[in-house]
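What follows is a set of structures to go through.
Note that chain A is present in both complexes that follow, paired respectively with chain B and with chain C.
And then the complex of A and B:
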């Protein structure tokens, strides 16, 4: 390049190629980033869990009809039965334990022998949520103290709520789905 | 080449590089706030609002940035499919972004300027 003038030196074919390659890399990076789905599964699992908690526990008392088995959680809590049970994208588990059957001495809940257990959706999400990777669902759980009125007796219970979601959203284009 | 020529050469080189990087930066900034990103953002946000809301809730959502990036009528941007329970947001006629929601509720939408108004009610039983 020695002896060449400025414009010839910097607008040479090689320099042009370098700029094109850089531009292509940026365009590819932006395209991959903008077309990818934001990971909101854990947030949505938390929403499903919170909806169940709010619906079943009120002022510290767990819903008696639910505990007695005379409660349609879908219609009473405005949840879509078909979406949760058949879309293969959601999981909801509710377990009730007697307070005496739970050990919270180490700061963690360790409960055994649930006297009530209800599961909806994909049961295997409980195992899949332990795995790392974008294709696995994400889960949220909460233990809640609640009182259960059974006849004239008030029972101290711990209710375990566990929810999972693998809903990623879908880009839709005219003529098909991406 | 004299000293003045060498300085001009360097200036041309720096200016060309600056122009290139400014164009690249404008492309990145424009893409980050583009239709594809906004469609996904609002579809998910609206679906989560519906999932979180108790029946009887009314929500106002400012969608001025999305409405400013579409040639479609504002009433056509957000659609709710009550049967499939999913939100569809489209900012171009070529497609959009779909997000299903697990709540079984009735959602009524109205647009007032830049604001989307959502009324979420308990679904009435159909015979």
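And then the complex of A and C:
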């Protein structure tokens, strides 16, 4: 009877150690995972561009009001004006070139002399995006071919979309927001 | 009797020692994996924005291109582009649709489309699919 109790003590010590080890590992694993950043900046820049292209080009034609300058991109494209212009976290540039002013080869575009240029948000993101480092914004750019009606003339255009984001997201640690 | 009991207890304790060592290593592997996933600091591949990179488009499948707003809008825009043929202005899609009656239109439409697709670095499969839509669906 006495020997049995002693054996149970040894057994419960190892069993207890295993439980503690598992608990510590689970807590450490969760802490490591939840305290790391999720980088969504490039994805956000892409989304911003896609929202703009969806709104500005329809059935192959660029929105005439936008080209004429009578277009509120924020209300028409459901973009948050305050967030883009004042949060210092976003940048959106839209340029329109004549098709003839673009040298296009295998999906690479080299365009000059834009006849329309609109910028929203932090303009310096264009330079900052060239830097490497976690604190710099991430940008994305795309080109789209579209037509533009000016009077009775149909002009072939290439629209350049450039967007940047420096929304780092929230860093979570166990127990709350850091 | 006591000796027999002791043997059983020793073996049970040894089982737990072995179990502890095994579980310890499993936990170390778990922590290393968790740190690896945490350190990646980026979204998994399936969540990535379908980013088009010129010639690499050949490796993309048709569905990812169809979901790409920039490419689909560019193609739609190009199909609306007017071309002067026989002293009249027709769009590329009109040329393709009317090519059954006028075989010359077919060559013009296909040539214009091919040049456009090559410039934009779009894959041949997409060119064939676009022609297929123009010839078989728009004519109906």
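The criterion applied here is as follows: the second predicted complex is superposed on the first by the 135 of 178 C-alpha atoms of A that agree within 3 Å, B and C clash if a C-alpha of one lies under 4 Å from a C-alpha of the other, contacts with A are read in each partner's own complex, and residues count from 1 in each chain.
Here, contacts are C-beta pairs under 8 Å (C-beta built on N, C-alpha and C of every residue); 3 or more make two chains touch, one makes a residue touch a chain.
If you're wondering where the values come from, they're calculated on a predicted model, not measured in any experiment.
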Inset, instruction - Identify the partner contact of A:167: answer first if only chain B is touched, second if only chain C is, both if each is, neither if none is. - result: first
Inset, instruction - Please work out whether A:54 is in contact with chain B alone, chain C alone, both, or neither, and reply first, second, both or neither. - result: both
Inset, instruction - Name the contact category of A:131: first (chain B only), second (chain C only), both, or neither. - result: neither
Inset, instruction - Look at A:140 in the shared chain and tell me whether it touches chain B only, chain C only, both, or neither; answer first, second, both or neither. - result: second
Inset, instruction - Go through the superposed model and pick first if A:90 touches only chain B, second if only chain C, both, or neither. - result: first
Legend entry - Which superposed partner A:14 touches (first chain B, second chain C, both, neither): second
Inset, instruction - Once the structures are superposed on A, label A:80 by its partner contacts, choosing first (chain B), second (chain C), both or neither. - result: first
Inset, instruction - Quick one: classify A:22 as touching chain B (first), chain C (second), both or neither. - result: both
Inset, instruction - Using the superposition described at the top, list the residues of chain A that contact chain B and also contact chain C. - result: 6-7, 10-11, 22, 30, 35, 37-38, 40, 43, 47, 50, 54
Legend entry - List of chain C residues in touch with chain A within their complex: 2, 5-6, 9, 12-13, 16-17, 19-20, 23-24, 27, 30-31, 34-35, 37-43, 47-49, 51-55, 57, 69-70, 73-74, 76-82, 116, 118-122
Inset, instruction - State the interface residues of chain B toward chain A in the complex, per the touch definition above. - result: 1, 5, 8-9, 12-13, 16, 20, 24, 27-28, 31-32, 34, 36-37, 39-41, 43-44, 48, 51-52, 54-55, 85, 88, 90, 93-105, 122-123
Inset, instruction - Within their complex, state which residues of chain A touch chain C. - result: 3-4, 6-7, 10-11, 14-15, 17-18, 21-22, 24-25, 28-30, 32-33, 35-40, 42-43, 46-47, 49-50, 53-54, 57, 59-61, 104-108, 140, 142-147, 154, 156, 161
Legend entry - Complex contacts: residues of chain A adjacent to chain B: 5-7, 9-11, 19, 22-23, 26-27, 30-31, 34-35, 37-38, 40, 43-44, 47-48, 50-51, 54, 74-75, 78-81, 83-84, 87, 89-90, 167, 169-174, 177-178
